[in-house]
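Report on the structure given below.
Letters A, B, C, D, E and F mark the chains in the order given here, with residues in each chain numbered from 1 onward.
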Amino acid sequence: MAPSKFGDDFNVGDIYHTQAITLTETHIVNWAGLTMDFYPLHMDKEYAAKSQFGERLVHGPLIFALAVGLVGTAGFAGDSAIAWLGVNNMKMLGPVRIGDTIRVEVEVKEKRPTKNPAQGVQTWRYTVKNQKDESVMELDYILMFHMRV
Amino acid sequence: MAPSKFGDDFNVGDIYHTQAITLTETHIVNWAGLTMDFYPLHMDKEYAAKSQFGERLVHGPLIFALAVGLVGTAGFAGDSAIAWLGVNNMKMLGPVRIGDTIRVEVEVKEKRPTKNPAQGVQTWRYTVKNQKDESVMELDYILMFHMRV
Amino acid sequence: MAPSKFGDDFNVGDIYHTQAITLTETHIVNWAGLTMDFYPLHMDKEYAAKSQFGERLVHGPLIFALAVGLVGTAGFAGDSAIAWLGVNNMKMLGPVRIGDTIRVEVEVKEKRPTKNPAQGVQTWRYTVKNQKDESVMELDYILMFHMRV
Amino acid sequence: MAPSKFGDDFNVGDIYHTQAITLTETHIVNWAGLTMDFYPLHMDKEYAAKSQFGERLVHGPLIFALAVGLVGTAGFAGDSAIAWLGVNNMKMLGPVRIGDTIRVEVEVKEKRPTKNPAQGVQTWRYTVKNQKDESVMELDYILMFHMRV
Amino acid sequence: MAPSKFGDDFNVGDIYHTQAITLTETHIVNWAGLTMDFYPLHMDKEYAAKSQFGERLVHGPLIFALAVGLVGTAGFAGDSAIAWLGVNNMKMLGPVRIGDTIRVEVEVKEKRPTKNPAQGVQTWRYTVKNQKDESVMELDYILMFHMRV
Amino acid sequence: MAPSKFGDDFNVGDIYHTQAITLTETHIVNWAGLTMDFYPLHMDKEYAAKSQFGERLVHGPLIFALAVGLVGTAGFAGDSAIAWLGVNNMKMLGPVRIGDTIRVEVEVKEKRPTKNPAQGVQTWRYTVKNQKDESVMELDYILMFHMRV
């Protein structure tokens, strides 16, 4: 079955928005358990209180993982993507605290052909913002797309 | 309290190994629920059976998240790290299937000073390998360390 | 082995009570992940703050699911039930908020025979009440029972 | 902000399809823990082996909960729905086993106005089908929609 | 409100039985995540294959925790217990594997009064058995009960 | 491969410390679901408010399970342990509340040889302390170790 959307449908400079999700203590505890990351800044209230942040922070890789999920759930890409190739330039820009609400702004940053005309590679810039519109993470997400031939 | 370890204790070329963990259907289902990534290649056995892989695959970002957790649990760095700065060059090198067992090889790849002599930045190359010693993901993990002064 | 209880042991008008359970942020996050229901009224604190309810609400189907579990755990029916046939007249009567504590009142509402004298169908009315004794959900739960012959 | 879709956009007889999801042992164990339903037919392999089904079955209310989630994730309704009013005629039509893959067919079954011209009530028939296209559950889902005025 | 049952209702030598539950890969993964016990014998299929057991084992403390839960759910004690005082003589008697089904046999082992005639201490011997009726764990569970005065 | 550590490396009187972890509502809800322990003192805010404690308490067996996980994660024992033999003298010394942060102090309490000179049995006393340095649980953990021969 032909895809309903193709990489051709995305143009450099296009911007997409996802829904938002509030980060809770449950996210931290479930994340630690699934990924084995029990670093005290996330799991130990007393330790975190003495850190420069004054409270427990949400794990950075969880922000990345939720960015991927929020974009997927938003459905921009339909079934146009073939494969996830990787990530570049992932940067934590600010702390994410329990109770913060994040969403993702996606910008089509770069498109390039491959040797196969039916496949193209695109770099999408994900910027994760909190409820105050502060950017807390950014990263380049690289995808292989179906192209119209 | 002074850290028990410092960035000075790591030298370019040093190699560290983590324990291994087997990826299960539970990892996939719990991951999808926590990160909102219900893409059919991970969640729909019938869809996956018709894909080039023939079966459900483990989510790529979960491999990254577990790499972070496995390295943290291994305790190489003690309390020498101050902050996680980001990730570069994350690449999926091969599929990870339910029942595969992964571990991480860490190589100290690059060290550079900052303006503050008490802090240094290092790039650690994480290579995730499966039970057949095939590399399935690689990435550069960038950390700020306490340096001896 | 003969059941320890039979449908004959329940009479129209009988009332049963379950224990109570407090609904937490954890219930919402785990429920969303298991059932794929990330609707912003449940998951996005900022969105919910602007809604008529002013805060995140617990998913309605979770109230139903817990009603089933609370009644099962209470053990009224012993092993007298053969099968769950369905539900009718399920209605949300009021919002359930994080921190609310719910319990179920069960009333035997209707009994009817089947062609097989060893089996009877009963409708049990479940009314879910919160800590203020407000009814928040009601539904008719239809079960097939073993009958004495 | 005006909704992007209205109840007016759905007509009696319209049919919508969701993505599919495979039910796993993890779904059963996590569901039991969240909803307190540890009935042996779901949790005890030895008991289930002696039942008429010969193996553990997936909890019926989980099928309902996933139907709600699958439809929400599919995004047919956009932000046109105001509230969930209830469910009628929910019936288990066949057993769901570990490893089965379910999806939902939605049919707009009935539309009726309310006293408020900006609000309308609709009944959507959800039919849950497995990988063999067998119907395993059906139910009428009743929603209040924004109507164009 | 007076308790419905009292410690007086249990006599040395009384035996009680719980329902059974099948242990799954999900139990192991969720347990590890909640309790931080990622020991390779439980989590690494390759490591376990080379151990004397040949496969991953269920965590011992999970068997204890489920014994407590199975006895509580069975409801023998009603609301007669005031407090849990501790455990003695907990012994692993045999390995528990993924797919095994466990239940608990409870024997009232010892009763003694306290200075307060309204309170008595009892030791209940829990024996956890698998689907082959092999004992896999035993322990003495010590409880304070309400006594009739 | 020879173990990196042996039972010989631990001497009676040695003291070890683990990291700490904060107990959250998520721990209680996930624990109840995994172990079937929905006792109202843990799960029902209204019931707990009327108890002598005035609020929900963390399940005692969860404190034990986390003690095991915290000690394992701390890595004192390396791979010197062969098997877990059991527990003695487990006692709840005080209530643990949501928001409390616990850690474990381990003291090597007793060492004894076995008939096999390559194996020795040791009793390690675990004392669980909260953020106020109050002891909330203590227990004797019995392990079989590899011994140098």
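We take it that contacts are C-beta pairs under 8 Å (C-beta built on N, C-alpha and C of every residue); 3 or more make two chains touch, one makes a residue touch a chain.
These figures come from a predicted structure and were not determined experimentally.
Asks: Using mean Cα positions as chain centres, tell me which chain lies farthest from chain A.
Replies: Between chain A and every other chain, the largest centroid distance is to E.
Asks: Given the two chain pairs D-E and B-C, which is bridged by the higher number of C-beta pairs in contact?
Replies: Between the two chain pairs, D-E has more contacting C-beta pairs.
Asks: Would you identify the chain whose Cα-based centre sits farthest away from the centre of chain F?
Replies: Centre of mass proxy via C-alpha means gives D as farthest from chain F.
Asks: If contact pairs are compared by residue number, which of B-D, A-E or E-F agrees with B-E in over half of them?
Replies: B-D
Asks: How many angstrom lie between the centres of chain A and chain B, each centre taken as the mean Cα position?
Replies: Centre separation, chain A to chain B: 16 Å.
Asks: Taking the mean of the CA coordinates per chain, how far is chain A from chain F in Å?
Replies: 37
Asks: With centres defined as the mean C-alpha position, give me the chain C-chain E separation in Å.
Replies: The answer is 29 Å.
Asks: Mind pulling the chain B residues that touch 2 or more other chains?
Replies: 21, 25-27, 30, 34, 36, 38, 73
Asks: Chain pairs that touch, all of them, please.
Replies: Inter-chain contacts occur between A-B, A-C, A-E, A-F, B-C, B-D, B-E, C-D, C-F, D-E, D-F, E-F.
Asks: For the complex, which residues does chain C have touching chain D?
Replies: Residue list for chain C touching chain D: 21, 27, 30-31, 34-39, 60-62, 64-66, 68-70, 72-73, 83-92, 139.
Asks: Could you pull out which chain D residues touch chain E in their complex?
Replies: Within the complex, chain D touches chain E at residues 25-26, 29-30, 38, 40, 43-47, 56.
Asks: List the residues on chain F that touch chain D in their complex, please.
Replies: The contact residues of chain F facing chain D are 30, 32-34, 36, 38.
Asks: Touching residues of chain A toward chain C in the complex: what are they?
Replies: 19-22, 24-27, 30, 73, 99, 101, 131
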